[in-house]
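Next come the structures, one after another.
Note that subunit A is present in both complexes that follow, paired respectively with subunit B and with subunit C.
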Partner chain A sequence: MNLRRTAAMSRKEFIQIRRDPRSLIIALFLPLIQILLLGYGARLDANHIPVYVLDQEGSQDSQALLKAFQASSYFDVVKVAKNYRALVKAIDADQCKLGIVIPWDFSKRLDDAGRTSVQAIVDGTDDNSAQLAEGYAQAVVETYASNMQLDWFGRYGLSQQAISPLSVDYRTWFNEDLESKNFIIPGTVALVMALMGALLSSLTIAREWERGTMEQLIATPVTAMEIMVGKLIPYLVIGLIDAVLCAVFAVGWFAVPFRGGLGAFFLATTLFLIVILGIGYMISVATKNQLGASQYALLVTLLPTTMLSGFAFPIDQMPAPIRAITYVVYSRYYVSALKRIFLSSAGISDLVPELVAMTIYAVVIGFFATRAFRKSLQ
Partner chain B sequence: MNDVPSIVVDKLVKRFGGFTAVNQVSFQIRSGEIFGLLGPNGAGKSTTIRVLCGLLTPSSGSATVVGFDVARQAEETRQHIGYMSQKFSLYNDLTAIENLQFFGGLYGVKGRALDERIAWAIKMSGLAGSEQLLTGELSGGWKQRLALGCAVLHRPQVLFLDEPTAGVDPLSRRQFWEMIHQMSREGVTILVTTHYMDEAEYCNRLALIDEARIVVMGTPTEIKQTAIKGDLLLIECSPLGGGLAAIKQAPGVIDASVFGAALHVVVSAGRQPVTELPAFLAARDVRVGRIEHIHPSLEDAFVSLTGSRALGREPSQ
Partner chain C sequence: MFDRIWRMIVKEFRQLRRDKYARFWLTVPPILQMLIYGYAATFEVNHLQIAVIDFDHSQESRDLLSRFAFTGRFDVAETLPNEQALKSLIGRSDIPMALEIEPGFAELLRKGQTAHLQVIVDGTNSNTALIAVGYINQIADQFAQDYAGNRLNQMMPAIAASVPQISLEQRPWYNPDLNSQWFFVPGVIGSITLMMVVNLTAFAIVREREIGTLEQVMVTPIRPFELILGKTIPFFLVGLADVVLVAVVGTLWFQVPFRGNPLVLLLGVVLFLLSTLGVGLLISTLSSTQQQAFASGFFFLNPAFTLSGFAFPITSMPKAMQMITYLDPLRYFLVILRGTFLKGVGLGVLWPQMVALALLTSILLLISVARFRKSID
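Let's turn to the complex of A and B:
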């Protein structure tokens, strides 16, 4: 491989990117838009779920329970409903996701039988939100109940130890508050790399064919290898810049921790980019037209990275056959590495399995990519 | 010019599926020679050039360029050749100077040599002062000279030009041919395809190609002499069509065809048709205007050799 020819190729490609507004948007703005959208949009936890309450009793106890709902940041008590029908209507009209009904005999049954219940009506149209609302509501009620129990025991002079001989103290590592943004945002770096890398690299060879510049290019002594490396270097550089941009945004804007090593971050990102760019390049060689190439490239890079990499949908919760498929999805290794680099303090030595897997992919894809393009008009 | 062949093509065949684009084509070109491939679009000129540049592999036969087999040593060949493809194919979104730098880099020209060659190319193409313009904004003649500049930055021994002057104004065409002749004097072997008859006259030697085969080869003068066996007359008459039909029956007429607004008629040498033919045509209700002896052009030769098919027609492929 001749360095001078490769450099000439890279330089030309850089100039073309600089002069092409579409490439510039894909290279610089798309990643920002993507991380903002995903950072804000792709949250799996819910805050400020709108709630209607219906207090049929209006006692001190029932009001205390409703206060517990009001105090929780998970819920916004939007309105106190006058009757049951108003509450049902509010759920139908999507004015609230949860309705809490306190029955007229709430405190009476509490006093008489020592146990009572409240009704929670959950809007189940969004499965995930419904489950969250249900879980949070249960937590609020349980906290209220155990406080009441403590009170009761206190009044009868029993110590706290007597009621709770054993308890589990949970401590969640790496994502202490179990915030879904910390779980999701590191993975979006992989999405940004896949989208940007696939779109831009899929245009490289197709553009030369479409603009009629290929014939002149392959009549020069430049080799297929030099064309490939020269063309992809600018996108590798842009990809790394985008990765830094995403990381800065993740830490600075979304307050996601970055605890791992920068070396591991750049190594993993470079390996992933080599795979993505290699795939995009091969597709560009095969289709020879820009539109088709970009469509195919998105299909084979962005789709598996979104669905099967564990970016948002945890791999260990997938059905066994799908889980088996994820082992061949190259992005799973990158997403896994990213999460550990951001959240745990993983360095290169902690990520050997991921890095080895990605190196194998990079070598295999690189091998086929160098053989994909033939300097011929046939 | 010397006698060492720079390009040797031997029984070259190129097929695309069932279609034979180049059929048993053989020729040799000496160093420093300007060799023209003349023929209608689709005759196989571009395919021949592409095979010689290593862009297409021959189906059979062989071709060597400066001693390298173009099929097996394509990369070595490309070090020594310059190529200007039929369609303009520099980068429109690069400036003139960026295109030159790019191709200079690909051809491995470096340092001061590259600066000198770029300065030369800019002077040669008349682009001084416009080298920072985007190539897409240049006029046809400028683009074409810039493309030539890019193709010869590395001082190739052989230059392939595929329809280099298509779509370029007459003044630019003349300037272009002056540059070609200059390079030829410096020893560069030039293979050029064209369907312009006047351009073909600039070549040292020509091969007429029609339907994938070489019909005739030689200097322009040789070709004209070989093709026209007899004397050539120009006859203005009306109606033109009736005159053509009638004159083919006249005694001593070998061939006749329409050229522009007149007939070109080949008659047996030594006869005196100028006096006989007007009477013959008048008897058949054809009014004769001017009638005179003319020198055959390459187009006459081509028409006579291929059976009255006009050359400059547009592609039907």
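Let's turn to the complex of A and C:
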């Protein structure tokens, strides 16, 4: 590889980018708009869950319990249902996620047998939200019940410890308040970078083929390797600027902590960009027309990065064959690295497995990309 | 007029049949994606790997810890010897949680005082952590109740039976086992359709324009309106075939129930496909090159997918963001899909979605057809 020729190639590409300011503006603004949309939209926290309540008894006890639901910030009691039918209709129509039904014999059973129950009807369609809602509802009822027990035990001279002999103390690391934005937004940076990288590179080569300028390039003494490296360097620079913009936005706007090393961030981002630019390059060489290139690029970027990288769905919960597939999804390493860089003060030495995996990926992709290019010349 | 449209459609299908790539693109990736993403998309927490450290070594501490493995939600992956080992564990993403029981645990319990279970949580994945915390609280509460009950039984057997208790009976409707796949498989059907149809429509048209074959068609006596119909009807039919294919594979493979009326779903599918055609057409008019079509496609698809309620509940978004989701056709389609699959509801419940989708579709089609006509005039 000749450095002078590679540099000349890069310069040509830079000039081409500069002459097309519209594309350059898109390349810099697109990521910002995306991170803004995704940063606000991709949340998993369940707050203000809409609740309908149905009090079939209407006693002092039942009202007190419903007040406890009203007081919880997790629930918004939007309506008091008149009857069971109204409750069913509301859940059918997505007007509420949770229906609390206090049966007509709620206090009677409590007085007679000392045991009573409340129903929580949950819209189970979205199992995750349902799970969270059930957990919060359980907590409300338990707090209410233990206050009641406390009164009752007091009459027999027993202390609180007698009812709740175990307390669970949580120490939470890295994302102390368990906010989903801190979990999702670092992954969003990876998602945006994957899109930008694939977008930038899969088109640079395909454009040359379709316009016929590739033949002109081949006629010059530059080698396949030099064309690839030279062409990708300008896009690597743009990609790094995009990554910095995304990170600044994540920290400055969304208040996601950034505790790790800047060196680790730049190293991981550079490696990831090389991989994704290389993949885009390989695809466009292999397909030679932009339609095919874009279909492949879409197939290997958007959905795999959202679904298989650990961006939102935990990889360790997937079945083993799918878990095996995730090792091929290059974004998994970057997503994992970014989460640890943002949240857990990871430096380069903590991220060795991720960085090594991405390096191997970069080398393999580079090798295949040059080979594919040479083959396509023949 | 119908004759000309018909000939145009025949031409498009002939072109498609000869295109080996297109045949592949329309069948294999959608099915593969359905299968892979159907498995991958889950927020469930099962067999979460945890570490335990028991300084008390009492019967009580062992009882408490054994309850965790018993539920199937947690797997004790490591039993740690000391605090030092615990520190080295933090930051290892394969074991995101540790339980610690301090010395004197059983002693406190026996004395009738409050004993402590320390839980160390890696909060990076806040969702898994929250769900796991819910399970831990349940297990700990059950343990506390059992222990307190036994104790009371020994001390004051007379009153032990009448301690007031309120239980919460949980009744998840539509998805009684809270199976993630039932929620996500309909969502994957909608998402795959969206990506495929938008991308296909936008590109095929821009490509024809770039190659110049669109001009060739335009010099024939065909009118702009007929050209638009002749171009979009094949995409519509291909999209329809693909939705059916993916939906059948998805429901049969993952055994997702279908409880609603197939005709209601069909109406939703037709409206949704029309809206995706509208988006595709609009992108094609906004872009003069395929590169621009590609950029605009990504620019639309990524938020359309993420903000649709596919995985992230719309109710969790800030109000302003919720407003933006009203512009997303996938948002309505997902409600229709999940409504007909899981809830078994009909038009009586889904009409607002249908009306909104029809409105959005008409606006999209009006704008895009007007722009498309202008671009070929």
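Keep in mind that, in the parts below, the second predicted complex is superposed on the first by the 344 of 378 C-alpha atoms of A that agree within 3 Å, B and C clash if a C-alpha of one lies under 4 Å from a C-alpha of the other, contacts with A are read in each partner's own complex, and residues count from 1 in each chain.
Everything below uses one rule, namely that a contact is a pair of C-beta atoms (placed from the backbone, for glycine too) under 8 Å apart; a residue touches a chain by one contact, two chains touch by 3 or more.
All of these numbers come straight from a predicted model, not from anything done at the bench.
In the superposition on chain A, contact is made by A:R11 with subunit B only, not with subunit C. Judged by the touch definition given at the top, the superposed model places A:L303 against subunit C, while subunit B stays out of reach. When both complexes are overlaid on chain A, the residue A:A219 reaches subunit B alone and has no touch with subunit C. Of the two partner chains placed around the shared chain by superposition, subunit B is the only one that A:R19 touches, whereas subunit C remains out of contact. Ranking subunit B and subunit C by residues of subunit A touched puts C first. When the shared chain is aligned, subunit C comes close enough to touch A:D126, but subunit B does not. By the touch criterion stated above, A:A93 is placed in contact with subunit C alone, subunit B being left untouched.
By the document's definition of touching, of the two partners only subunit C reaches A:R340; subunit B does not.
When both complexes are overlaid on chain A, the residue A:Q138 reaches subunit C alone and has no touch with subunit B. In the superposition on chain A, contact of A:A71 is made with neither subunit B nor subunit C. No residue of subunit A contacts both subunit B in one complex and subunit C in the other.
Partner subunit C is touched in their complex by these residues of subunit A: 23, 26, 30, 33-34, 37-38, 40-50, 65, 91-94, 97, 110, 113-132, 134-135, 137-139, 141-142, 144-145, 148-149, 152-153, 156, 159-180, 182-184, 191, 195, 199, 202-203, 207, 210, 290-292, 294-295, 297-299, 302-303, 306-308, 312-314, 316-319, 321-322, 325-326, 336, 339-340, 343-344, 346, 350. Per the touch definition, subunit C reaches subunit A in the complex via residues 21, 25, 29, 33, 36-37, 39-46, 48-49, 64, 90-91, 93-94, 108-109, 112-131, 133-134, 136-138, 140-141, 143-144, 147-148, 151-152, 156, 159, 161-176, 178-180, 182-183, 191, 195, 199, 203-204, 207, 210, 290-291, 293-295, 297-299, 301-303, 305-307, 311-313, 315-318, 320-321, 324-325, 335, 338, 342-343, 345, 349. Looking at the complex, you find that subunit A touches subunit B at residues 2, 4-5, 7-9, 11-12, 15-16, 19-20, 211-223, 375-378. Put simply, subunit B touches subunit A in their complex at residues 50, 53-57, 74-75, 78-79, 81, 83-85, 87-94, 98, 101-108, 110, 147, 150.
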